[in-house]
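In what comes next, chain A is part of two complexes: it sits with chain B in the first one and with chain C in the second one.
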Partner chain A sequence: MPIAFEQVNYIYAPKTPFEYEALKRIDLAIELNKITAIIGPTGSGKSTLVQHLNALLLPSSGTIYVLDREIVANQKNKDLKSLRKKVGLVFQFPEYQLFEETIIKDVMFGPLNFKVTDEEARQKAMKALAMVGLDPSYYERSPLDISGGQKRRVAIAGILAIDPDVLVLDEPTAGLDPQGAKSMMELFVELNRTHHKTILIVTHDMDHVLNYCDNVVVMKKGEILTHQQVNDFFFKGEDVLDIEMALPQRLKFTEALRAKGFKLTDKIRNVQELALSIKKEISHE
Partner chain B sequence: MNPIEIKNLNFSYDQTQDVVKDVSFVVKKGSYTTLIGHNGSGKSTIAKLIIGLLEKEKGSILIDGEELSLESIEGIRRKIGIVFQNPDNQFIGATVRDDIAFGLENHQVEPSEMDVIIENYAREVGMSEYLDHEPTRLSGGQKQRVAIAGILSMKPDILILDEATSMLDPEGKEDINKLVKQLHKENNMTILSITHDVEEVLKSDHVIVMYEGRIVKDGTPSEVMKNEEELIRLKLAAPYSVRLANELKKLGIPVKQAWDMEGMVDELCQLLLNK
Partner chain C sequence: MNNIALGRYLPLNSIIHKMDPRYKLLSMLILMVTIFLPSGYIGYVIIGVFVLLALLLAKLNFTMIFKAMKPMLFMLVFLTFVNALVLRTGYVLVDVLGFKIYSDAIFRTLYITVRLLLMIMVTTILTASTKPLDLTLAIEDLLSPFKRFGFPAHEIAMMISIALRFIPTLIDETNRIMKAQASRGVDLKEGNFKEKIVAILSLIVPLFVSSFQRAEELADAMEARGYVPSATRTRYKQLVHGLKDYIMLGSVILLLGVIIWLSL
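For the complex of A and B:
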């Protein structure tokens, strides 16, 4: 089974003065084994949406299908633990949730919750830490004594150690330096291509969407505006211009140059291709 | 007199390894200064030292010429507003309105004026509809907008932004940047912004680069941001325009205005016309 939302509503604080409809009749199917970006203005429902994927939030109405599970509104949903083994969710600023004395213990905490032996948990933790680029010299250090970017990696390792099939990340690169953000995105691509994880990333970075993701879901005010392949979204159709979000740098340049009469190649995939296309224009004619 | 003047500052969290090493810099009155560097380079530590959340080991911190000390800290904090990266640690009020009011109350703003101020700033950050909502139930980005409104409404002389817009969507980021720029101009507010946003750096007056606890570069954005290899060595990234300029150079097309998209596009147009 895929991942799908069917007519899902979510209401925060129902029947209180703070009542607020965060998701409105969402219909959405997420492709497995792909990297899907979820973008949209602050407060558009992105975090609310992804927190439904491991039943951290339950729908007020509608149904969610996640792999072999069905989550239905107003029903007792049993054995959520098995779902949470399959869908790992990394929150915004996960580094604030580190708590163990050592990094290795912190990463072992997840697997230990799923009844494995200490030794197995340790193996899983070591593997996960290696994936996020933290070598054994970090194992016995306190997770509180490392930099923000490293803490983020430890927190993500904590989820990877559970070895979920679906990895959901809520703004995983916010606040990371450019190279840290780049290697984080490359890690997700690697997890997707080599380990066949389905990955959902909530992000505000349009360059990341363009450079690393397969599909993109655009949300606004609790609704899905569009759901497309990344290439179609950026290079065909007008949706990308309609959604009032900043264009990736590469598109900003190509648009600005085209507006001034440059005839550039249609699909420019990187900075080298853009330079070549500009050279063609300037050298010929 | 400089709003912020740091001299030979040292700090360590554990008394063994300094995370801030002999740091000296000046933030000029009314300037928009950006402070950049890799994660763990010591940027946020410096922000915390400036407002006295951490205590320096060596060196001096002068705010408007006055040495930061136990005696001076209260007065100094009245001049400085700071917005942190994670909004969850910054809320006090039960509603958005109360939360913005809290800072104003501390600054002895007349209750009769307070409502207007709160509504103005809530509108500026796009949170008017949420004034009676609980801050804890807002999204991450909305919380950050409220935190920013709360600080800006107090019109501090010096505003420190510690990656304050990193959780905002591109449009939200632009709204906040505009608002900050406006206050910066109208009130001659001095701004020190810790950021990873290259675009913001390019628009600032002055940029300071940190690497492993030290200041390694200090100058105008065009001076600091033009060398791609060096930026990569400092674990940073060059602006897209600089990367494109380097690729063009390899192809035999030298561009002069590499740090600025508009300038570069104009220059390329000239080349196209002259052909």
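For the complex of A and C:
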């Protein structure tokens, strides 16, 4: 069973003066084993949407299908914990969820909650920490004494150790330096390609969408504007300008060159192709 | 966490909302005294009508008051029970197998219920119609005469307003951490005692860490802008009072007079 939303509404604080409709009749199907980016301006409902995936928020109306689970509005939903084992959600600035005395204990916390043995939890934690690039010398250190970027890695390892099939990340690179952000995104690609995880990333960075993601969902004011493949999105491109988000650097550069009269090939998928195309153009003259 | 009705500001557009917070605070204090005077049935009917009128003027919903009353329900049941056991005056109301419940037990409980209800209504009107920051300004102004005796009116008002300012932030933070830990398999409802302790720890520790961080950042930000607690300063927000405020305070004082006269 895939991941799908059917006519999902979500209303914050219903029947109070603070009532707010965050999701409006959402219909969406997420492809498994792909990296899907969710973009949109602040307040467009991205975070609300992803919190439905592991039932932290339950729909006000509509139905959500996640793997083999079905979540229907206004029904008692039992055993949400088993869903949370399969869908791991990493919040924005996940550093604040660290609380154990040592890093290894903190990463083991998730697996232990899902009733595995101590030994198994330790194995999973070590594997997860290795994936995020933290070596055994960190295991016994306090998670509160390391740098911000490392804290972020520990927090993500805390979810990876649970070994979910679907990994959902809310702005995982916010506040990281460019190099840190790059290696973080490469980690997600790696998880997708070699561990076959379905990955959803909420992001503001269009370069990350272009360089690392397969599909893109664009949200605005609680609705879905478009959902398509990244290549189609950027290269057919009518919708791009409508969402008040900056174009990726590479596309901006290409457009600027075209405006100056450069004749470049139509679909440029990466920096190498761009360089080749420029080289060809220059050698023509 | 999101349905705390007690003490929450509701942004409505009513005459009570527009009144001077100093007068509102004073009026509330006087009303509190009035409610606690032993004025008998007629007195409580008069106060009740007065408070209901204020509730209507503030455009507040009666269901809100009931929501705020809910946590008190247990207390009231307990009180009825104790009163029924202890009070042995008045006439016998019911006689269950030799156990007598006296009329005074019921009346006394009713008395306390009415007082509690009125008190909650009065405080709800104040907090729902006044922004927390305006309220602290009012507290500062009303306490400022004591400054000459070395009473730190401004500092206390500042502390209160900072505390109030961070309540919603901390509620949001708590929600966020709860959700983040729920994603890691924490279940606050199920599990044995030890698991529950760990679950609560996983919430409390991050909350403490971030609160201290926030406090430090705020202190730095205030110092960077040259904040000195005891310095004299002007205010951007000026509290203005007018005819409607005098009328409100006047009518509350009149009510107090009537109730004092009734309870003599």
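Keep in mind that, in the parts below, the second predicted complex is superposed on the first by the 283 of 285 C-alpha atoms of A that agree within 3 Å, B and C clash if a C-alpha of one lies under 4 Å from a C-alpha of the other, contacts with A are read in each partner's own complex, and residues count from 1 in each chain.
Convention: a contact is a pair of C-beta atoms (placed from the backbone, for glycine too) under 8 Å apart; a residue touches a chain by one contact, two chains touch by 3 or more.
For clarity, every value in this text was computed on a predicted model and none was experimentally measured.
**Student:** Assess the superposed three-chain arrangement around chain A: do chain B and chain C clash, or do they fit?
**Tutor:** In the arrangement built by aligning on chain A, the partners chain C and chain B clash.
**Student:** Does chain C touch more residues of chain A than chain B does, or is it the other way round?
**Tutor:** Residues of chain A touched, chain B against chain C: more for B.
**Student:** After the superposition on A, what does A:178 contact: first (chain B), second (chain C), both or neither?
**Tutor:** The first partner, chain B, only.
**Student:** Under the stated touch criterion, which partner chain does A:204 make contact with: chain B (first), chain C (second), both, or neither?
**Tutor:** first
**Student:** Taking the superposition on A as described, I'd like to know which of chain B and chain C A:252 touches: first, second, both or neither.
**Tutor:** first
**Student:** Figure out whether A:17 sits in contact with chain B (first) or chain C (second), or with both, or with neither.
**Tutor:** both
**Student:** Counting only touches as set out at the top, which of chain B and chain C does A:135 meet: first, second, both, neither?
**Tutor:** neither
**Student:** With the two structures laid over each other on chain A, which partner does A:41 touch: chain B (first), chain C (second), both, or neither?
**Tutor:** first
**Student:** Just checking: does A:266 make contact with chain B only, chain C only, both, or neither of them? Give me first, second, both or neither.
**Tutor:** neither
**Student:** One more residue to check, A:147. First (chain B), second (chain C), both or neither?
**Tutor:** first
**Student:** Report for A:276: first if it touches chain B alone, second if chain C alone, otherwise both or neither.
**Tutor:** Touch partner of A:276: chain B, not chain C.
**Student:** Running through the overlay: 1-9, 55-63 or 217-225 are the candidate stretches of chain C; which one clashes with chain B?
**Tutor:** Of the candidate stretches of chain C, chain B runs into 217-225.
**Student:** Need the overlap of the two footprints on chain A, from chain B and from chain C, as residue ranges.
**Tutor:** 12-13, 17, 96
**Student:** Note which residues of chain A are touching chain C in the complex, please.
**Tutor:** Touch list, chain A to chain C: 12-13, 16-17, 51, 54, 56, 81, 84-85, 88-91, 94, 96-99, 109-110, 113-114, 144, 158-159, 162.
**Student:** Please output the residues of chain B touching chain A within their complex, sorted ascending.
**Tutor:** 13-14, 37-40, 44, 85-86, 88, 132-134, 137-142, 144-145, 163, 166-174, 196, 198, 232, 235-237, 240-241, 243-244, 247-248, 250-253, 261-262, 265, 268-269, 271-272, 275
**Student:** Over in the complex, which chain C residues touch chain A? Could you list them?
**Tutor:** Listed in rising order, the residues of chain C that touch chain A are 2-3, 10-12, 173, 176-177, 179-187, 201-202, 205-206, 209-210.
**Student:** Which residues, counting only chain A, touch chain B once they are in their complex?
**Tutor:** The touching residues are 12-13, 17-18, 20, 39-43, 46-48, 92-93, 96, 145-150, 171, 174-182, 204, 206, 244-246, 249-250, 252-253, 256-257, 260-262, 271-272, 274-276, 278-279, 281-283, 285.
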